[in-house]
């Protein structure tokens, strides 16, 4: 109790491609890594009644989300032989075409990295208390629901 | 015949994190994309008889590899609803810690992007005539074989 | 100390607030009933309840100082 | 026009060359036998044969101008 280190996964606004590049580059010194698997969520210009999504505004129950993410992280590390695992999720407004989720796993071999990344994405979508509000070009809103 | 466009997947030397960032960034304007899946192969410092790999030198049967990659690309596009698919593989010398393979798929929904990327990686490893020669720190060599 | 109730996602729009302090309640069913009386739209809305960050599926006893969260289905990522 | 034979991967080390022009051969079995006679290490080496970029699994007729490739197991990625 109190020993565990809760990492923050939330970043304000969109995740830049430069942040992703920097994260990849920082793994060049870990020479036991043979495979990286990356998932990126990008805000889509969905249409509804002839109107288009302009952005998504993300909010979360931060304490609970970080606690839950900590549990997910531990269980993924227990299940897969990973060298590294990084998760970043946007809060606030993210425009269409911008990146809102960045999941990054690394392992000695490809199968571990790929399977862990895929399982992480599902857990993030269905187990973390995060909500996305689609804001249309005419300022009307629709609350998202994950499928 | 003669109509099909054979894309070159080969790049000389390592694939830079900047190239990966630029590739991600260039998809910001494709606003029907909701998910990107990326696989990166990184050269590992494997050990053998107390010696460490310093680099891998890649060669290929280029005409056959590009023809085969074209077939793989067509079959993946036929099987998965993808918006984009990009593959880059290094030729020549790639140092330990550097990226030698970059596979990038994008789709409206995550499952298509993830499954297509994973299937592409397997096809690239087992169906493309590419050979990696591990060069150890003492200049001895071992030819790789994929498992 | 009272019970703190947090509203998230669409529930903020429905209740017009993200946080509410309430006098002590015996359990989550009693709390939920009061909230549905105050905000009838909640009755036709799908949401989960967490007490002190733990999701609950059945009625749950409440004590002073407890934090209750009302959460619609998640939609991160 | 003769048959062009390409060697790849470890076969370059074994044969000391990456390309060889040979007089016409009736089929790949005959070609393969000659190569194994010239480079006995090939006998204990695993490799595949492609004719004009198509992998072949059984003996295959050869014509002048054909391109034959000897390829050890792939190891890209």
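A few notes on this one:
Going in written order, the chains are labelled A, B, C and D, and every chain counts its residues from 1.
We adopt the following convention: contacts are C-beta pairs under 8 Å (C-beta built on N, C-alpha and C of every residue); 3 or more make two chains touch, one makes a residue touch a chain.
Here the structure is a predicted model, which is why all the values come from computation and not from measurement.
Other chains, considered apart from subunit A, cluster as B, D | C (clusters defined by touching).
Computed centre separation for the pair subunit C/subunit D is 73 angstrom, with centres defined by C-alpha atoms. In terms of their C-alpha centroids, the spacing between subunit B and subunit D amounts to 26 Å. Distance between chain centres (mean CA atoms), subunit B to subunit C: 49 Å.
For subunit B, the set of residues that touch two or more other chains comprises 41, 121. Contact with two or more other chains is made by no residue of subunit C. Taken pair by pair, the chains that touch are A-B, A-C, B-D.
Contact residues on subunit B toward subunit A in their complex (touch as defined above): 17-18, 20-22, 24-25, 27-45, 96-99, 106, 108, 110, 113-114, 117-118, 121. In the complex of the two chains, the subunit B residues touching subunit D come out as 41, 58-61, 63-64, 67, 89, 100-101, 121, 124-133, 143-146.
Taken together, the subunit D residues at the contact with subunit B in this complex read 6, 8-10, 12, 50, 53, 69, 71-77.
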